[in-house]
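Each chain carries a letter (A, B, C and D) given by its place in the written order, and its residues are counted from 1.
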Amino acid sequence: MPIRSTQAATIVAAATRKAAEIGIAVSVVVLDDGGHIKEFSRMDGAWLGSIEVALSKAKTSILFQVETQALWDVCKLGGQAHGLEATNGGMITFAGGIPLKALDDSLSGAIGVSGGQVDQDYAVARAGAEAFNTNH
Amino acid sequence: MPIRSTQAATIVAAATRKAAEIGIAVSVVVLDDGGHIKEFSRMDGAWLGSIEVALSKAKTSILFQVETQALWDVCKLGGQAHGLEATNGGMITFAGGIPLKALDDSLSGAIGVSGGQVDQDYAVARAGAEAFNTNH
Amino acid sequence: MPIRSTQAATIVAAATRKAAEIGIAVSVVVLDDGGHIKEFSRMDGAWLGSIEVALSKAKTSILFQVETQALWDVCKLGGQAHGLEATNGGMITFAGGIPLKALDDSLSGAIGVSGGQVDQDYAVARAGAEAFNTNH
Amino acid sequence: MPIRSTQAATIVAAATRKAAEIGIAVSVVVLDDGGHIKEFSRMDGAWLGSIEVALSKAKTSILFQVETQALWDVCKLGGQAHGLEATNGGMITFAGGIPLKALDDSLSGAIGVSGGQVDQDYAVARAGAEAFNTNH
């Protein structure tokens, strides 16, 4: 079931709340199951470069239904699909993109976060994803 | 003064409220004064095509600091700059993009709306712009 | 003979001086004979959209060695090359681009101006071109 | 506070003076805080390829508010964001791009230099950045 507006807004709000708590400024995006933008917010002071990275992380999570950092194992030198990250207009292989799954495990959408250190981005994306999980 | 996150969120909320009132589903975007995305929301049921049109309307309003429909007079056959709309990656010359000006009349950002009839998009964009004007 | 840096700087200075005199804020660009950027200046307050239009005007003047407005006659409906303006990544057919010719009439470069009314842009571009003519 | 025309011209002049002193020919660009071109100059004899590299260096410094060479640590194999340099249309991870900060530490713009050896480009960019620092 594709993600609904109210869910997307809840996810973005939970993520930005977590970012403020950590003390970082991020871009947060929620894409629907077709990879199309549903909700986006850039906090004051977030790098301009975070816009595209957040979008690209979420898109990566839609394209292969994985958390972005999980893609690195197959993309790296010696991995079974070395160079895969260069397809689909370029993908991200470090943390910050998380697929959002419905209760029946079908894909609903994805969240992408950029703006802090990579582990911070991941914590923020997790906070958004958890707001979705407890909410559907 | 570039638009702040809280202002952008207020604008998007006012616009989507107006769209719901009219009974249409739209994409709404707020860009900062440099044309970079600050806030975005796509209502359930809005056409996928509305994403890029909303973005393009807002970008047009940033690029020439005008409401999008005002650009048509100069772009149309016989206008002083016929064909201008094809520059800057393609601009929109019908209603739905409105520049957001600070109290000192400098550019703060722009709102772009797409998804309904053009006059409906305009009414929704106006509702967003007015929420900004009463709020800064 | 391709335009030199000192000439390009003189041209841009003359153009921006003229624009200030008229009371408009413009983008001014000088390209070399290969259509590659040599000198650029955007005055405070000039529309962001003027950047690409100025570049596109100058490029058009390089591509066909004409003042941009002269291209309209061949491009318009019924003209001998209707649609030509859509080639080469998009050209401009209203005033503001002027080729810069050396004393032996070979192409040295071009100036492009955008930011005011079209006749104002033309006056500013002319001021730049004349600074070149009296200077080589 | 976004960079003003007079500041941008001062920066470019200081940079090209330094380049002449070193005996190299470079492209120098100053972007505003939104990444839009404000001032550009290509010295006689500078490689055509230096145009895009200078622009890309300055854009990189805008996008992540860092000197370009500082990005390499996070982008390299084993860095926390390996592959980041491929986002945002491609970024530069060697020296020559420097962010320009206002007195309140907010981003004003960036300088990008290309045309010489990388350490020479850096020296030229530094000369431009210092002219900004002593001038605002």
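A few notes on this one:
The definition used in the following text is that a residue touches a chain if its C-beta (ideal position, glycine included) is under 8 Å from a C-beta of that chain, and two chains touch if they have at least 3 such contacts.
Values in this document were obtained by computation on a predicted structure and should not be read as measured data.
Although subunit C and subunit D carry the same sequence, what matters here is overlap: shared residue numbers make up over half of all numbers found at their interface.
Of all the chains, the one whose CA centre sits at the greatest distance from that of subunit A is C.
Computed centre separation for the pair subunit B/subunit C is 30 angstrom, with centres defined by C-alpha atoms. Centroids built from CA atoms put subunit D at 26 Å from subunit C. Rounded to whole angstrom, the centroid-to-centroid distance between subunit A and subunit C, based on C-alpha atoms, equals 44 Å. Shared interface positions of subunit A, i.e. residues touching 2 or more other chains, are given as 48. If each chain is drawn as a node and touching chains are joined, the picture fits none of the line, ring, star or complete shapes. Taken pair by pair, the chains that touch are A-B, A-D, B-C, B-D, C-D.
Looking at the complex, you find that subunit A touches subunit B at residues 4-5, 8-9, 34, 36-44, 48, 51.
Taken in their complex, subunit B has these residues touching subunit C: 34-35, 62-65, 80-84, 86-88, 91. The part of subunit B that touches subunit D in the complex is made up of residues 32-36. Within the complex, the subunit C residues that touch subunit B are 47-49, 52-53, 56, 72, 85-86, 90, 92-94, 117-119.
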